[in-house]
Every structure is written in structure tokens, then in C-alpha cells.
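Take a look at the structures listed below.
Presented sequentially are two complexes of subunit A, the first with subunit B as partner and the second with subunit C.
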Partner chain A sequence: MAARYDRAITVFSPDGHLFQVEYAQEAVKKGSTAVGIRGKDIVVLGVEKKSVAKLQEERTVRKICALDDHVCMAFAGLTADARIVINRARVECQSHRLTVEDPVTVEYITRHIATLKQRYTQSNGRRPFGISALIVGFDYDGTPRLYQTDPSGTYHAWKANAIGRSAKTVREFLEKNYTDESIATDNEAIKLAIKALLEVVQSGGKNIELAVIRRNQPLKLLESKEIETLVAEIEKEKEEEAEKKKQKKST
Partner chain B sequence: MALLDVCGISDWVKEDGFNAERASVDKVNHFNFAAQTPELAVPVGVDPAEFLRPLVDSEEGVNGVKINLEHGTTTLAFKFQHGVMVAVDSRASAGSYVSTQMFKKVIEINPFLLGTMSGSAADCVYWERVLAKECRIYKLRNKERISVSAASKLLANMVVNYRGMGLSMGTMICGWDKKGPGLYYVDDNGLRLCGNMFSTGSGNTYAYGVMDSGYRYDLSVPEAYDLAQRAIFHATHRDAYSGGTVNMYHMRETGWIKVSQEDVGDLYHRFYSEKK
Partner chain C sequence: MATFFGEVLSVYSRAVEEDDDDLDAENEDEQIHREIEEKREVHIAWCTEVAQSLEGSGSNKLQCSDLIIAVGPNAAGFLSAYVLNTESWDAVGHASLWNERSRGSSRQSIAPLPGEPACLFYRHRDNPAVLVCQSTCYIAEDQLFQWTEKVFGCLQKRGLSVMVLSDSPVAEYKTPDYLYGSAVPFLRSLKSSASKSQALCPALEQPNILTGLPAAVLSHCQVHQIPAVLYQCYTDVISPDSITMETYKPVLLCLSKLVKLEPCLSADVLRKFAIITEAQSNLYT
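Let's look at the complex of A and B:
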């Protein structure tokens, strides 16, 4: 018989807080930034790439993972915890396809991940998962969706959101700049994600990883060349804006 | 635990499939679409499948006793351009004794899902009611009605756990979901087939004969009603274990309607007078 833990680690404090969950949220705040944008026909995920050591292979560090053909997620927080959650979610996606003969809806898989996280805040001998996840994808009927989960096990739908280090700055930027015009085309939505990340990322395009899902198409990770091109476009647009403002002032 | 190991209990307490040890945190609960806890208790120390096999499978049975599990009834369902027709008889028999002529062999799971029953009345009624419960819970959790393929899969997964233990159930799950009309055949072996036309029970051969000779996909609604009714009637006429009344349902895009419930005696006179 396996030894059984009979004492919970996550217990209430006198003023109603679950400290373990709050400490997990602190761990999330230390993770690298991730941003998610829901467009009209596209959903975009962008993450801040941590600088890799010289001898490290770049490809093995991936923060954006596909859960199924039409759903993917990015996370902020403890990478090892994320691996476990992603594995469980991938199994659940296939299990759902097997038993229900339909692909999961984004809300369903988010609910599954959130329930899994909640269970770990209320059981013996286990600590909460130290990750927040941004889950994006398209439903069977073609509706784009973006959800965010956090270590306590709650989940919400968003039009655009950011998690991790400097999430607040990015979210404020998005609140100012997410308009119907700014997501009018796919390209504009991608540029909005890059602009949001450029607010907090140091040296530009090299430190950004971007993935998009278009309706009825699988996950596509943008290559660094494409990202550089888009960053260059954004810089140009910024200069043009600055020029216009100068001209206005001088006239 | 130390004391348990010393006593050597783990030697003879087997971990069977249903109660395999898993931490409660890792057990998938409502996200797994099979019934996670066994719905029916199985007696300890007896393997029902092993017990039943010589009685059912072998030629001479056990001490000359052989159990034949027949599906004594006739039910049918077919898809056509205006939806799905479902027709059943209503006789329940115990051997050569007719228990009732007014048995309801169609269970109305929700306004867009029907299940027919053939085989052991108890098994069908029980398992289809469990299916109805699961379908209601699905709707509450996911805020949309369960699809016909998922509902039939749920039923098949539930009964496959009891394979070989003497369940006798041949059912058709009919419905209309966002993929259109759906018709699945599920039986006690866990077989699940998608198709356009099925008939189950001891009278199914007679029903197939009538259905196959009159079926076209582009039947009109009155023609389909007539075909379904005739097929069941002819089966009740020749099969001893089918009879009573013909209960007919029509599954449409807006849900099912109960078309008619006619006694086979009245049908006989109507069809007979047509012949003249």
C-alpha cells in the first residue's frame, strides 16, 4: 500500500487567504511575459524568450505548446509544472475526441486544466501548480477564443491579456490599444501582439517568440526572420507617427 | 502500511480493474465520459464472466442447462430525408408467457434524443435511464445538448465493462444534433454502429424484409410513417415474441414527435381490407 499523506499543505489563513496559492501567483509573476490576442479570424500568442546560454540548443526551450490541432497554450511560471499540465491537457484532448467524437472546445479544455489546478489546491500532500496559462484556439463552429487560468484554478475569457513579469504594463498597453481597428486584419493582430511585447522586452525581435492559429489551420510558429520583418515595419510606423506629430507641431 | 504488510493481506486482496488504486487527485471524474464508478455491484470472489461462459457458450451447457439470451421483440429505425423514423412493438414476454402487451420500448431521453430497447427489459430500462442521467449532467456541465454519437458512445462504454456477464441489450440511439440526424446501434457486447437503417430483436428479419423492399431515402413523411408501421406489423404477425401495439416516433430538426400508437389487431384489419 502506498503511504498516504493525511495533512494538507494548502490551508486557510485566519483572514481567509490561501497562502500557498498566493505564493504560487508570486512564482507566476517571476516568469517571463506571455501575451495573447483574440482577433477576428486569428488568435495570437507571444512570449518573451529568455536568453539561452551559449552552448544551449535554442529549439528545446519552448513556451508555446499545441494541445491539439486547433488549441494551443502559453504559460508563465514554473516550466516543470507546465509540462505536467500540458501533458494532461493533451491526453484529455485526445480522450475527448475518442469518446465524444468531436474536438474539444477551448472552454472545455480550459475548464479541465482549471479543475486540475483546483484539485491540487485542495488535497493531501500536494502544492498548487505554479503556472498561469493563456489558452487560445478556435471552436468547432469557428469562434476564436482566449482564456486565462491561474494557480487557484479560476479561469476567465479575455479579448486580450498578458501574464508573467510586467503583465500589468502590457495589459495597460492592450487596454489602450485593443480596438476593432487594431485587430481588423490578421497582420494587424500579430503586430499588436509584438507591439505589446516590445513594451517590456529588452532588445527587440530576437527575444520574442510568436505563434498564430488561423481558423481551420494548425498552430504556426513564426520564424525569427518574419518577426524581424514585422518589428522593422512597426519601427517604421512609429517613426512615421513621430514625423507627423513633429510636422503638426511646427506648422 | 506496515501492519498490513506483516499480516500478508496484500497477497489475497486483489486489485481488480474497477478499484485500481489511484490517488483521488489524479482520478479523472466527470471529464471521463465513461461511468467511473461501477454502476452495478459485482459480488466479491466471483468472476461473473467466467461463471456464465459454460452456460452460454458451450454446446451442452452445464449439467444439460443452457442459457439462451434472446432479444424477444421487434424494433426498427431508419434515416430518411425528413429525419429519423423509430417504430417498436410493445410485447414483453417471459419465455412463452406474455407479461404485458403495453410495454414502453422507447425511452425519451430529451426532446432531441430517443433510445429503443430490445432484449432483457430490466437491462434496457436500467442502462438507458443511466444514459439519460449522464446526458442531463452533460447538458448542465457543457451548456449544450449532448451529441448523438457521444450519447451512444457513453452507453457502449458503460456496458462494455460488463461484457460476458449476461447483459442482454440491443438498442438504437436516435437523435438530431448540430451534425444533423443521427442513428446508432449499441448492444450488450459494446458494439456500436452508425448506420441508416437498423432493426433489432427476434422479429428483425421480418421487419428488414418489409423495410428493405419499401425503403428509399427520399420517402415523403406519410410514406415513411406507413413503411415503419407496416414493417413492425408484419414482424408482430409472424414472430411470437412481438405484438401488442406499434409505437411510432418521428425525429425531426425541431425534436421528436410521437406519431401514433396503434394496436396490431386494428392494423391487421386495415391492411387486410386494403388488399381486397
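Let's look at the complex of A and C:
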């Protein structure tokens, strides 16, 4: 059935599927994992770093990009599509500032990106964007926000979410471990993001990239040393937990 | 034609006759067909030792208790990494053939270069009844029967047991349920009716079918009542990949009963066999 209705984007199948859009979601799963966490005074984006070829400049292979001083996004999926979406979003952020003399709200720019993506699921001759994005930032009233968009052009607000390969595993981890206690402080929120990524990242801290935005502060990319320190802390906590459990069992 | 007066008349038939003046064209056609057939013939070349033991045995057949065939780059990579990595395997032969996709060397005596798509046979030194075949070249539909007949024609049928490992793209797997990303890659099995062993994974569900070399081998085993089991790995990557190769690991349980395997394998060895396309492919981030 799918074979006859999955070539053209503008054709619905008899059971209501837009197969090209659904296949675009599969393209997203080919990108490495990205996780976003909304804390109380901080928003965190963590990504699994792609292995870079020896002669390639590492800093040109970035999954986390700033859209404006107070908004940034991480994506998973086709790199080239992401570049186009990011450029359009950046232009829109500045255009908004000049027109209404206010920085964009996170919801506004997310809606702009989602509308752009939706347009490509309806006009003929153009395939959908093969990326999902996690957009984080603070609105000018100080509220932290996390939104997720997908190739169909839908967007939703989340407390914590993951996209890309193994996103399901990470989301299940977050569902179990995202509590008010776990995001009580900035450091705890960052550690939660790292813990979530460690569930699926193979070689530990050196393959993780982390970015945070604190209220009224610009985007900050954590250095690998800081990440290694946090990973070491997490491992220590895990060991202590395991010790406690052992002791409980033996008594 | 017989008439009422008892005479026989010869009647010219209006049916087209086999004319003599088309003989040249026919000969030419026949010649072309013959040349194509020769070109597309499958040749199995054994090493001198095996060729001698074939001639020496009365029935021109090799003693073989277990034949393991790997079809596809991931299956072949799995065998290379987990089974053929010890020093106790000898390369004993190769199959050479030509088709539009597999322009193999038509010089049958020359063994294919390592890394080239090919069809290679290995035999275990300590247990010479165990044969492994790695097939990474494309065998056309018209050559499959020939390949199967020629290979199985060299092997003793009695006591033979066959295992086939084959790769397939998951896009060809038909199922009413949605396949989550974490489920892929996965194994499915298919057995000939003579096979009494327990398969290590669920059986291939309808309406999925096998095609190509695995299907030809399994059909042959079914017809000749040879116990055979096939493990098909459905994967979503095009090139050889370490995660897909690891999916075949349950098979090691059966293989370890036949030959001694390396106890544990570092991930680096596997990665050697997987093409490292990820670093070069910037398509997905």
C-alpha cells in the first residue's frame, strides 16, 4: 500500500498517512542524540558529539547553535537542512528585534520554524526538512522554555525531551528521573542532562557536548574539562549508591 | 494428402518452414547464446590439496559435516571478525563468475584480491569437515542454480548440515506493526524441514520472503532433505557496520560447538571490518 502513496509529498494515502513526512521522521533518527532539559533558572542542551575525521576542523561540526543571545537550538537529522533552518531563524530573530524592538520569545521563533517546516509538507516539488529541533531559551519575563519541533511542522513545549538516535531510551530515562529535586539547582540540571546522555553515548564524557543558558546570560558551551569533572562526579555518586545498596542487602 | 481416387498428392503447407537460408543467422544466434552462457558460467576453483582429495575420493565429493555460508557484507564481516580471526582456517577455494554487477575476473585461476567482492571458501585445519563460505559478490538469478549445484555437487550429502547468514535491508521487511528504531537490526530464521535444531530467533513471518543466494541454498537443501537453517539480519545501514555484525552473535553458540572460537573480542577488531563511513559522511548530524 505504502509504495503507491509514498512518492509525492502532496498525496495522502487512503488511510490518511503522509508517507514522505513520516519517512522524514526516520531521517531524524539517523542523527546522533540531543537532549534538552528545562530547569528553574537554567536551560540545558546536551548532544552526542559526532566522531570527526582526523583532518576535519572540529569546531565546524556543531549540533548546538545560537539563534539569538537568549535562544539556542540543537538539531538531529540532515545537516544541510539544519543549516537552512538555522539561517532563516537567525534572520527572523533580528528582523523581529528591528521591527518590534523586542527580542523574540522562544515560542515565537519556534512557531516560525515550525511554520516553515509545515510549508514544505504541503507545497509540491519540495521534500520536508529532515530535522527535529530542540529550542531553548528565556523569554524577556525570565521564564525558561524548551520546545521541540519535528519535520511535520508540529511543535510542543516540554520539560525535558530528547531527539535523534536512541531518543526513546533517553526519554524513558528522563520520565523516570526528571523530578523537582533533580532540577533543584543549576548543577543538578546539568548533571541530569549528562546522565541522560550517558545512557546511550558509548565512550563517556569525551563524546558529549553541553550548552547552557542562564537567565540574562548568553549561551555558554561547557569545556570538555568541566564535562569530564561532572562525569567523574556522576560516576562517584553511582558507586556510592551501589555501595549503599550492597550494605542494605547484607544487613 | 489422400484424395478420393487413392492418389497421394503432396500439398504445400502455408506454415512457415525451417528454411535453409536462415541457418547462418541461427548459427550466429546459437553462437552468441553459447558465448553468453560461457561467460556467465560459474567456476569453482579449489586449491591443489582439496582438488586432489576430490579426485582421490571415489565419488568426487568432499567430506563435509557443516557448511556455513555468509551472504552480504555484514554477515561476511561477522564471520571474519568472530570465526575466521584465528590462525586455524585455510583458504581452500573461490567461486568466480561474471555478470553485469559482478565483473569478477574471468581468469578463474587467479584468486580474488582481499577486499574485492568475491565468493571465498575456508576450511578449518583441525576439523576439515567444517567449511565456511563468504559471498560478497552479486550472483545473478540465472547463475544461482548453477552456483548451488556446483558447490553442493562437491560436498557429501550425508551428514551435511548447512547454516546461512544473510543481510537484508529493513525497508524490505513487511510488517503490520511499526518498527521502533531500537528494534533494528534484528534476526529472523528459516529452516528446511529436515532441520531438527532449535532456531535462535523468531521465524520469518509471512509475507516476507527470501531472495537471491540464501533462497537458492535453502531451496536446494529443502529439495535434497539437507538440514539447513538460515538467519536473516534486517538492518537499516547500507554499508558494513559493527552493530549489525554484532546482531549475529547468538549464532556463536552453535558455531562454538563446531570449532574453537576466540573467547572475547575487542570492539576495535569489529570496527576494522566495518567501513568507517560515519566520519566521512556528514549527511546526518
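Keep this in mind: the second predicted complex is superposed on the first by the 241 of 251 C-alpha atoms of A that agree within 3 Å, B and C clash if a C-alpha of one lies under 4 Å from a C-alpha of the other, contacts with A are read in each partner's own complex, and residues count from 1 in each chain.
We take it that contacts are C-beta pairs under 8 Å (C-beta built on N, C-alpha and C of every residue); 3 or more make two chains touch, one makes a residue touch a chain.
It should be emphasised that the depicted structure is a prediction, and the values quoted were computed from it without experimental measurement.
Overlay on subunit A: subunit B and subunit C fit together in the combined arrangement.
Of the two partner chains placed around the shared chain by superposition, subunit C is the only one that A:32 touches, whereas subunit B remains out of contact. Judged by the touch definition given at the top, the superposed model places A:156 against neither subunit B nor subunit C.
In the superposed model, A:108 makes contact with subunit B only, not with subunit C. When the two structures are aligned on the shared chain, A:236 is found in touch with neither subunit B nor subunit C.
Legend: residue contacts after superposition of the two complexes on their common chain; A:50 is shown touching subunit C, with no touch to subunit B. Using the contact criterion defined above for the overlaid structures, shared-chain residue A:215 touches neither subunit B nor subunit C, since it reaches no partner. Contacts of A:244 after superposition on the shared chain: neither subunit B nor subunit C is touched. Once the two structures are overlaid, the count of subunit A residues touched is higher for C than for its counterpart among subunit B and subunit C. In the superposition on chain A, no contact is made by A:206 with either subunit B or subunit C. The superposed arrangement places subunit B and subunit C with a least CA-CA distance of 24 Å. According to the touch criterion, subunit A has no shared surface contacted by subunit B in one complex and subunit C in the other. By the touch criterion given at the top, residues 1, 4-5, 10, 21, 23-25, 28, 31-34, 142, 147, 149-150, 153-154, 157 of subunit B touch subunit A in their complex. Looking at the complex, you find that subunit A touches subunit C at residues 27, 29-32, 50-53, 56, 61, 63, 75-80, 82, 165-169. The touching residues of subunit A, counted against subunit B in their complex, run 1-3, 92, 95-96, 99-102, 108, 112, 115, 119-120, 123, 126. By the touch criterion given at the top, residues 180-182, 278-280, 282-285 of subunit C touch subunit A in their complex.
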